[in-house]
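I have placed the structure first, in the form of structure tokens, so that the comments after it can refer back to it.
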Amino acid sequence: MIELKNASIQFGRYTALNNCNIQVNRGEVVTLLGPNGAGKSTALKALSGDIALSEGCAQINGTDVSSYSDKELASLRAVMTQSYELMFDFLVKEVVEMASFVHAEAFSKKQLIDFSEQAMTMTDVYELKDKNFNSLSGGQKQRVQLARVINQILPILDDEHAPRPYLFIDEPTSSLDLYHQYEVMRIATKLAEKGVGVIAVLHDLALAASFSDRLYLLSQGNIVASGSSEEVLKQQQVFETYGVRAHLQHQGGFYPSIQIAKGN
Amino acid sequence: MLALNNQALAREKSRQILFPLLVALSVVVLFASATIGGVSIDFSDVLALLVGNNTDNMESVILWEIRIPRLVLAFVVGAGLSVSGAAMQAIFRNPLADPGLIGVSSGAVLGAILVIVLGNTVLSGFVAQFGLYALPVGAFLGCALVCLFIYRLSSGQGTFSVISILLAGIAVNAIVASITGFLTYISSDQELRDMTFWNMGSLSGNSWSLMTPSLIVIVISSVAMLRLATPLNLYLLGESQAKHLGISVTTLKKQVFMFTALAVGASVAICGMIGFVGFIVPHLLRMVIGPDHRFLMPGCIIFGGLLLSVADLVARTIVLPSELPIGLVTSAIGGPFFLAVLLKSYKTLR
Amino acid sequence: MFFTTFARQKFALLGALMCFSFPGHSEEVKPLRVVAAGGSITEIIYALGQEDTLVGVDSTSVYPSLAQEKPQIGYVRQLSPEGVLSLSPDLLIGESDAGPDKVIQQLAETELHIELISDHDNFAGIEQKIQLIADLLGANDAGNALVDEVKEDKAALNHILNQVEEPPTVLFVLSLRGGSPIVSGSGTSAHDVITAAGGSNAAGELEGWKPLSTEAAVPLNPDVIITMGRAGQHNTDNLAELPHFRFSNAVKNNRVYVVNGSFLLGMGPTTPKAVIDLATKLHPQASFPRQYDLFYPPQTGE
């Protein structure tokens, strides 16, 4: 389990997080929602070990995040960040294979290449593997980076005795087309079935509702609601947080969608 | 870069061809450097002198005491400057970076000019103590001090900021420029000329004992940088991305800074300023074999050594019995090359 | 500089030369190949009539102008080892500042005989310099003749100096750098020459070549100002206009002179004549000894 306990982060006089409690268990898909500046990315970074807390603690498997070395953390969690651009002309497969560095000592070269190819297949970029990364579209680049992140996780899953890793995804769908937006979350669900604990920051309410086991809704550094999508995405709650009247629509055979009310 | 559908194949092929080619060329150039020079020695004699024990005659002395030290120095310095350039371009995540950005050059210039201008007065004790080593030691000390200063400015709160290296470098360069300007102003014509020649670089006149310390430092630093190849690859993904993959980014940056300062400092100390090699070689090589440092860095070592050896061959034979400063030769090649690169990247931006 | 002359090699060379100068020797005489690093060295070699031995000169060897047609080894302080060796020299003769040191050391490790004139590179040492070079080249007769000529010049100089009651103050301006004139303090070749010509160095309190600010210049108030240039050049106007010197005795009395720097400061055989020429400017009332003709400036053939 990873968790934030009474976590606060202050930047000078600006409060980014205020006394937040977040838990993510193995095999769960948890989503952080909220408008811009709510603190969701900040909370994610606190959990992944990228930002220090002003108060409270962030723990992975019972131990404080800051007491792990970078190398240890790399075997416990993988992070897909918002930025995916690369200054240099690496090949797609070279980018994905960079994650193999983490497990270079435990696996043979062939095994590592197998994992890379598996990861590339999962995100639908296998055909692009010999191409120059910088010649791809934004969406394709995002999927390649996701493949890299998955490539960091797959070898850990392969080892039965290793603790199940956590996958952090920070707004992974900005350049993705409709199909791939849902595909990414399907991959996350599949990984969760294998024991990975997924924590995602999403801005699309419908997407969050479709795939999350649990959600946290943040506003201005505070957690204003948590629970299932029905509990969190009530009309009144959504209106207070986003200023928009919205209705979560369920229809048989379809993922839930969001209907936004016209007028005021 | 190339719009080939199979970029991978092109890269694979070029790697397969390039390395054996570079090694073969290096062997040819090394033998050519041993054979060609002001004093004519037949190639067969060169071979004989290399294997034989006859150390008495003049040709043997020229070969072993003048030519071979020089070609070894050219190769090692070229290699060291190039691999440092590759490391710099990685750490700044910018293919236009150059080892001079970290203040190595201005520090070395400061040290050298202090020795040249104050060597007869304030620093006469230092010069008396070190004799022929005074200038290299002074240059190296100057560079070490400036780099240490910039390092200190950039470290803090557990990070090592690359931006602040750049800014600190700019500030330090300005300060050093004013100090060297002042020293230039009070220097005699002779000292001024000595300084000018030092600034143009030269591989000439270095005995084994004079250059061995530099050689050792450059070789050790270059080997250390070779071992940072994979971490540097990961670093190119981005700071946080590299960190998430387990790389201690701050340590990596500090190591690159330190080894580059050592390699470049040791080179400049013994040879004066040789520009452009640290920039051209990794840049050119990357265009052909790709940015993967596991191939790029060894490539830089061979290609850099090769390039500087050829440049030195030109420098010491083209105006015999005189000699061109090698910095002029590298600038003459590097300047237009840099321009061509800029124009090309400008075109692709449009 | 810490170079000592290679005494043993010198004598060996001398002995070898003597062997070869015996008539009837059946072996072919191999002519000496000499490289000169320094203008005065080259000048002396030409004056001794030994220019055929010269196989290479440095960039400061501008007189006689024929010397510039010889193979060029570069700037005297930045010699190239293989460059020098490519001329297959037997002997390298250099002024005291030939270098860099590490190159001289590298050359010394080959069989090349190197002579650096460290001790006699000044006005007083011109005769010894000539003697040394004449010995090295085995041109003793020419050498003695040249030394005698120098001695005669110096005697004439002394004759003039004996007539001087009060030495005028002299300021030597090397050049203008960024608006400030560079003047010769003590320890410079110009100081040496000014003193030899019976003058007193107005900038003697300074050490070495130094830039002079206006405020430092005005109190010096030299009687005579000398500056470097080619014969016939009249750049004295620029100098006289400078606020540094405008109010000096020298400018007021129109005693600003242009001299040929390489003759005056070169410390070669022409230097004593150049010093006498300077002395005549400093002491216009003095007269030459009888039967002395000053042949200066020499025909440069330009």
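As written, the chain order gives the labels A, B and C, with residue 1 at the start of each chain.
The rule we apply is simple: contacts are C-beta pairs under 8 Å (C-beta built on N, C-alpha and C of every residue); 3 or more make two chains touch, one makes a residue touch a chain.
Here the structure is a predicted model, which means the values were calculated and not measured.
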item	value
Overall pattern in which the protein chains touch one another (line/ring/star/complete/other)	line
Centroid comparison with chain A (C-alpha atoms), farthest chain	C
Mean-CA-position distance for chain C and chain A (Å)	82
Distance between the centres, which are taken as Cα means, of chain B and chain A, whole angstrom	44
Interchain centroid distance [CA atoms averaged], chain B/chain C, Å	41
Complex interface listing, chain B residues touching chain A	1-3, 5-9, 11, 93-95, 230, 233-234, 236-238, 240-241, 243-248, 286, 290-292
For the chain A and chain B complex, residues of the former touching the latter	48, 50, 69-71, 73-75, 77-79, 81, 83, 86-91, 93-95, 98-99, 101-102, 129-132, 135, 152
Parts of chain C lying in touch with chain B, wherever the complex brings them together	56, 71-75, 77-78, 80-88, 97, 100-103, 105-106, 109-111, 174, 177-178, 182, 208-211
Chain C contact footprint on chain B (complex, rising order)	37-40, 58, 61-62, 65-67, 131-132, 185-186, 188-190, 193-194, 197, 202, 204-207, 210, 316, 320-323
